[in-house]
Each structure stands twice: as C-alpha cells, then as structure tokens.
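As written, the chain order gives the labels A, B, C and D, with residue 1 at the start of each chain.
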Amino acid sequence: MADESVQREALVAAVENVAARIESEKSHLTDLDSAIGDADHGNNMHRGFQAVAEKTDEFEGMDVDEIVKTIGTTIIGNVGGAAGPLYGGSIMTASQELEGGITAETSVAFAEAYLEKVKDRGDAPVGAKTMVDALTPAVHTYKKSVEHDDLPPLTALAKAVDAAERGVNFTVPLRASKGRASFLGWRSVGHQDPGATSTLFILEEILDTAGE
Amino acid sequence: MKKLVNDPSDYVDEMLDGMLAAYPDRLRRLDGTKVLVRSDAPVDGKVGVVSGGGSGHEPTHAGYIGDGMLDGAAAGEVFTSPTANELNEMVQACDAGEGVLCVVKNYEGDVMNFDTAGEMAEMEDVEVAQVVVDDDVAVEDSLYTSGRRGVCGTILVHKAVGAKAAAGASLEEVQAVGEKVVENVGTMGVALTSCVTPEKGEPTFDLGEEELELGIGIHGEPGTERAEMMSADEVAEHLTEKVLEDLDIESGEEVVTIVNGMGGTPQSELFIVNRKVQEILDGKGVETWDAWVGDYMTSLDMMGCSVTVCRVDDELKDLLNADADTPALKR
Amino acid sequence: MKKLVNDPSDYVDEMLDGMLAAYPDRLRRLDGTKVLVRSDAPVDGKVGVVSGGGSGHEPTHAGYIGDGMLDGAAAGEVFTSPTANELNEMVQACDAGEGVLCVVKNYEGDVMNFDTAGEMAEMEDVEVAQVVVDDDVAVEDSLYTSGRRGVCGTILVHKAVGAKAAAGASLEEVQAVGEKVVENVGTMGVALTSCVTPEKGEPTFDLGEEELELGIGIHGEPGTERAEMMSADEVAEHLTEKVLEDLDIESGEEVVTIVNGMGGTPQSELFIVNRKVQEILDGKGVETWDAWVGDYMTSLDMMGCSVTVCRVDDELKDLLNADADTPALKR
Amino acid sequence: MADESVQREALVAAVENVAARIESEKSHLTDLDSAIGDADHGNNMHRGFQAVAEKTDEFEGMDVDEIVKTIGTTIIGNVGGAAGPLYGGSIMTASQELEGGITAETSVAFAEAYLEKVKDRGDAPVGAKTMVDALTPAVHTYKKSVEHDDLPPLTALAKAVDAAERGVNFTVPLRASKGRASFLGWRSVGHQDPGATSTLFILEEILDTAGE
C-alpha cells in the first residue's frame, strides 16, 4: 500500500481528470438530459466538479478519508438537483470506509457503501433507468474481481468500468421509473440516462488516473 | 439565443440582485447564498413558511415573499433544486422559534435536498415540517414514475399556508392546511414551444410548427404526449376535463381555477383559454368561486399554459382571500 | 402560428369574455361593444377616467380598470384604435356629470378617433378632456414624424390621473396631473423578436438570430435602428442613457422606473435588466424612489423590454402610491 | 344624368366590387403595413368594407347622398385605426356634395371635399408618404379633366386612376413624415405606403364599376 502523500496526490490527479472530463462532456450530458429531463445535468456536474477542483489546495495535510468527505460535501453544497445529494451525499457517507487510506479492501467497502447510499437516498431499483444501472454492475464486478478472483485493484477497476458501460447501454431500451425521465412514460424508451453516463465517465477517469 | 442576459452562469445571481434592487424594503439576501427572505425575517410569534426550487419559474418563488405568503425562498440554478446547505440556511433564518414549514414540489432533487436540509436544521433545534405538492395530473402516480410533479397548484399552497401562518396557527395546523390543498388540487399543462435555458441556449426539445406537447411539467421537459396543434378551446377542454376527472369534481362543488401562462404566452391568450375553462365548468354545474389568470409558475420563455382546479371549502376560501402583500400577489 | 387562439377574428372578443369570466364582479361590458367599464360605472361625484387603444398590449388597457385607476377601457382590434363610436359610448358610460378624462396614446389613429368621440360626447353635454401621452424618446418629435409615440409611460399616467380623480379632483385638475406626468416621463424599447399578430400569423418583421431592434414601439412595428445582439447590461445602458439624456435628469433628482416586458420575455430577464438600470442611476446619483418590473404594456408575444423613467415630486409620489385595486395593479 | 335608382344600383355594385377587391388584396395590404407599420391595414379595410357590403340592403329607398353618408359612418363605426376616421370621416363629410345625385359637377365637388377633409383630419402634406399622395394627383387630374378639358366623367376617372398610381409609386422613395411609418425615420424609404395603395385599389374598382 502506497503512503498517504502518494494517495493524496493520486486523489488530486483523479479530481482534476474527472473535472476536465466533465467539462469536456458538459454539453453531451446536458443534451442527454434535454431528451428525457430538464437539460441541466451537464451544468450541474460541471458546477460541482469545478468547485471540487478549486478545493484541491486544501487537501494538503488532510487524511484521505477527510479529502473524500470534503469532495462529497463540496458536491452537496454546489450541485443541487438530484445529482447533488446522490453523488455528494453518497461520497460523503462512504468516505468513512477509507479511514486509514485506500487499500484493495477499503476500496471495495467504499464502493459498496456508496452504492448502498445511492439506493437508499434515491430509492431506485436496478432497471429504473438511473445511475444505479451503471453503478450496480460496476460495484458487483469490482467486488467479485478483488475478493473472489484476487485480481489486482487496477485490473478489477478496468472490469468495473466495462461493467458500467454495459449498464449505461442497458438504460437505453428501458422505460424510466425514477427521476424526471419517469414523467415521460413510454417516451423515455430509447434514450440513454444522463446520470448513468456521468457515472461511467467518472469511473473511466479514476481508472485512467490509477493506471498512471 | 434571444435573451436579455450577460454571462449565463450569472443568470440567477443577477436576477436576484435585480429583484433586490426593485424591492429593497421588502427583501433581503442571505450572505453568500441565493436565498431571499423577508427583510424582517424571522417574524416574531409566527411559524415560518419557506419554499424554493430551481429558478426559471418566476415569479415563483421569491415573488411570493411577503406578508401572508412566504418568509423565504431559495433559488437554485435554472431548473435545479437548491443545495441542502442553502435550504438549511433559509430554514434557520426564517425560524422565530415556532418552527418552519417547507413547501416542496415533488421532484427527487427537491425532496432529497429539502430532506437533508430538514435534518440539518433539526440538529440546530429548529422544528421543521414539509408539505410536498404533487398536483400534476398528467403523470400517473404509480410504480412506474417517481410520483406526480409539483406545478402551479403550489401557488395555492403558498397562499393558504402563508395565510394560516399569518393568522397565528401552529406548525402542525399550517402543515394540515397545506395538505388539504394538495389533496384537492390538480393541474395539467401544455407547451406550444420548448423553453430555452440560458446555459444551453437552445430549445430543450424540438416541436414542429403544427405540434404541441401535452402533459408538460415546468422544467422544459417533454410532456407525456405530442399532439397536433389545437385551437384554444380544444386545449382548454383537454386540460380541464383531465383535471376535473382526476379530482372527481361534481356538479355543485366550488372551485378556484388558475389559467397559468408558461412565460412566453401573452395574457390575451390566457384570457381566451379562461373563457372556455369557465364555460366548461359552468356547463357541468361546477361553481367557480374565484378565477386566477396570469403568469404564476412559468418555464422561462416557454409558450403554453396550464389549467389548475382546486376544490375549496370555507376555510380555504378565507385563506385564499386573506390579505397578502408580495411583489407578485396582493390581496 | 403558435397561439392559443380559435378563429383569429374572434381574438379580441373572446379575450374580453375571458376577462369578464375572471372578474365578473369588477367588470361590465357595454352591450354590443368592446368596451369594458367598472361594474359600478359611472362613479358618483368622480371625474371619469378612460383609456383605450388597440388590443395586444395586455394588461393594458382593461387590466387597469378599478378603484384608483380607470373607469373604462375600449379595446380595438389588435393594434388598431377603437372606433370613435365605441370611444363615445365609453365616455358617456363613465360620465357621472363631473366630466371624463381620456388618456390617449399619441398615434394618429387613436388621436383622430378620440377627437371624434370627444366631439360626439360633447354634443350629448358630456365635458371631455384629453391627455395625449408621447413618452417614446426613440422617435424625434419633429416635422419629420407624427410626433412621439405613447408607450409604457401611459401606465404612470393612468395611475396618477386615476388617483387624482379618486381623490375628488376636478376634470381640469385631473388633466393637469396627467400632463405633469407626460412632461416628466420618457421610455425607450428594444425587441429581440418580432411579434406575431393572430390575423397575420407570421412575424411582423424578420430579425436574425444575432440581431435586435432598437427604438421599437408597441405595435410590432420595426424600430428606429437594427443592431447586433447585445448583452443585458448593454441593452440596459443603451435604453437608460437615452431616456435620461432626453429627460435631462440630474444627480439628486428622484424618479420612478419601469422595466417593462414586451410579452414574450420572462421576468427573470427583466430583473437582470433592472439590476443594471438601478446601477446606472445609482452611479449618476439619481435616486430611484420606486422601481416597477413586469409586463405592463406589451406587444403580444414579442421578446424584449422597455425602460421608462419618470421624474417625481411629492404630488406624483402620493398619487403613484395611492390605493388602487385593479386586476393588474394593486397598491 | 341617370335616375336615382340607376345610381343606387351603381353604388351597390361599386361597394361590392371594392369589398371584393379589398378582400383579395387583404394580405397584400397587411404585408405593406408590416414593412413600415403595424400589419393591420388589410384587416382594417377588409373589416370596414365587409360591414359596408352587408349594409347594401338598407340602401333601397335612400337618396344617393344618404347612401354615401351611410358608407362613411359604417366605416367610422367598424374600422378604427387611422384608416377609419380618414376614409370614413371624409366620405361622410363629402357626402353632402352629392345631394341631388351624382353628376359630373357634384362628383368633382365630392372629390375635392373628400381630399380637403383627409388633409384636415390627418394634417399630412403631399410627400408625407400617405394616402394623400395618391389622392391629391387623382383629384387634381379629375377636376382638370372634367372642368377644363370637358372630358366625360368616365375618361376623367380613368386619368385620375392613372394619376393615383403615379402617386402610389411616388410614395416608395420617400421618407414618411406622417403616420406610423414616420416612426421609422429613414428606414421607411423604399417601401410603398399601404393607405395610398388601398386608395388606388378603391379608385380602380370605382372606375371598373362605372365602366360597366
């Protein structure tokens, strides 16, 4: 396990990469939200990760779990909408699992806690056409890869990203039963869920950062 | 983009400053937030009444701050619920020790953020209650949806709970009145055009010259159904019948109606629609006790309207008629 | 055509019926005309105050009927002055023996028809006086024009003369107050889009995505100048500076301002403009005694706004602040 | 000079022809008014002449001057705008000249009185880009043709129509100084005046009717 300052640097790099990715996907995410929502998901995510990126100076000297918690509260305090509490609140709660730093073990615990909290807050089952559809296969795959197949975390994460992508594709043919898209009834079928998509982008950037 | 706007990311901020410049004696902004409150908040001895949600629905929400209606209103970004942090600050600023009622429109974002804010405020010993408004009859309240949306009926909730609180009622009593309105109100809307959000700068959805969207919400989201362009009378019929059916309103009952503009539709057209709405009610023997016509809950520059019907009893009539002194509504 | 409308030739008629359906206790329609009057007109012992003009400017004119403002309003076809016959009927219906003041916007059609109506009414022994409003500073008042147009400043005239009449003043005194407002008020407008009249069904003029029209009136006529799209702040500056210059307003003077929407522009944008208008006035040491923001005098569904500035003294402040109870304006 | 009932029939025919012409030119006139006015001249004229056409039953038994007066008051009572008082008021006032029926002489007096009243009401000189620019040459030509050249009224009228047409063309390159078009300043140059155009159409129909 790498020491704290290496982990801190990795977190900063991850935050910067995610923020940059969200920035470049801003209008893509908003367009997805236009089709079945209210055309703000790109702006919401962008506002949140800009705020987080501006906080990286403060991370110096913080423990890893504190840093992650700060990321969560910053998102809560800047995003609003459904994405704010779902992303921010879940990161904040799950950050407790990272006490003592990021290991293969704590990362699995974090992922599980995060998923749990999203489902708890949003009350969306799998198949409701939400971020849960990207998250669930990703977390299941990550846990199985680490705990049962004994794969190194980086390999496990790559598999998780792959799983998330399938989840995103899975949302397309579904009728939404949660979130704004549910107001459209059958008309939501055929469109990709924005929140699942942003979840995938974030996982991809974490994987990229971890690979470096 | 045909908008009077500077940097789109300053939209809400500058709008709030412009409101403050118009009503410097009535309104006050909580430092570093997008929350406006009555300049004299918290009002001694009175239950606080607050609301909030995404911006773009003006005069909702801050336009209804004042005597007899809201003590505070939190403005999110356009069509985005305010953060829990700001909602919490609002609740605390409007608590005079009698507790605070939050009027929440039923969207997952709004509900989750208000829930979190309520928990935060309760940790500071503020008593908090909620009324969740879900008056949009276009959406089925079923396993297949996240419930019905809160739309223009929210204004009647603001008015009734605001009046009840002004009359000195307890938090529980104020909440009960809000729930009574929610049980008796229904709304259905139609869009003739999409709206354009300042950040996106383009219509949220495309609508042909000869099409309209039925069953829209107030966030520029597409509706439940696309249909061929209709006459004003057909639109009025479609909306009114659907609402009446849903509420099960019968001959002899008394109602208040709202023909609400979505922002881009001129008043003259709203009156044309109101004419038909009242004709329909008349034909059914339903008695309109009061008819509101205007822009109460909008979607930026969207063209279209919604029809709201609310069954009223003596208590609600008194409350809806009670004095109110706000920028957007005076009684 | 994206309008809530039935047969376009019934537009004004159905709009008036819809207003009556909304305000059955306040308004009454003169049989066979498009004239609405207070249900209790003529009001004993009070000078009658009437206005009128083409439709399409809602809430102008009938929205301002009520205690403290107008006794009657005549609606012409869209953007077309009412006929002299109907204006005459209105004047007669609003005369309680104390005479009637006609508030006329300076358009040749309006002036000619009001003139004729005045002559007709005087033949029936009704004392009639006029105030002609010409507040639009975009147009030069010269040999090369038919004078300046009457636009949003008319609302301040309605309010002031209505209050003066309600206070029991004589016809001459009421007229004098109207003239005082006219001398001290200026307005300038901008259009981001043309409007669509129900009869024509298409934009009156074409405007590119990146263009706007400066110096427009309220009838969908093109403005005095086409310019490249501007930010809200630039628009506010352009309009405000031009009005202030024309009125020769100096540091230390007190004014009331109106940021008026043309019908299709959402309130949020009007507040963004108001923010800048007040900043400019502040910077010049001009004191805003009151700032109005909203749709007071519109052009159907046109996007855009106008800025009105009116110098006020104690008398005007009292009158503008006096009680008024109308559908569109309450004080 | 034809007897009263022939003149009455001719008036009814003229009214019907003018009404039909205005109907077919309605959107043309409104388009002209869109460019430099408020897009209602076609509707205004149409509303007025429809109302007049619906009154022709009442003409039975009226004297010619009474009929013309009724045409004027009907226009006043139905048109509004600038066109209502200008057309209607002037027809009403000028109708006095037709007492005793239409002759070459009374028709000249009518034309002069009509022009006088339009100028009086509207205060527009020639060259202000209004209906006056079509009317003035038409009336001048008619009077000269009848009184000085001893031409038959029908020939004189044909010349007047020709003159009106030149007047209409003359309005195009002018800057308006009266009417709504004056609000546009220099931008009114290059557009044809709607009121001058409707004046020409009416004269053309009167000529056509008289020729039959």
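Keep in mind that, in the parts below, a residue touches a chain if its C-beta (ideal position, glycine included) is under 8 Å from a C-beta of that chain, and two chains touch if they have at least 3 such contacts.
Bear in mind the structure is a predicted one, so any value in this text is a computation, not a measurement.
Inter-chain centre distance (subunit B to subunit D, centres taken as mean C-alpha positions): 54 Å.
Centre-to-centre, using mean CA coordinates, subunit A is 76 Å away from subunit D. Averaging C-alpha coordinates per chain places the centre of subunit A 32 Å away from that of subunit B. Residues of subunit B found to touch two or more other chains are absent. Interchain contacts link the chains end to end along an open line, per the touch definition above. Annotation, chain-chain contacts: A-B, B-C, C-D (touch as defined at the top). In the complex of the two chains, the subunit B residues touching subunit A come out as 54, 76-85, 107-109, 112-113, 116, 138-140, 143-146, 149, 197, 199-200, 204-205, 217, 219-224. Taken together, the subunit A residues at the contact with subunit B in this complex read 27, 30, 34-40, 43-44, 47, 76-86, 89, 121-122, 175, 177-180, 182-185, 187. The part of subunit C that touches subunit B in the complex is made up of residues 2-6, 11-12, 14-19, 21-22, 55-56, 58-59, 63, 192-193, 209, 231-233, 235, 263-279, 288, 291-293, 295, 298, 300-301, 303-305, 330.
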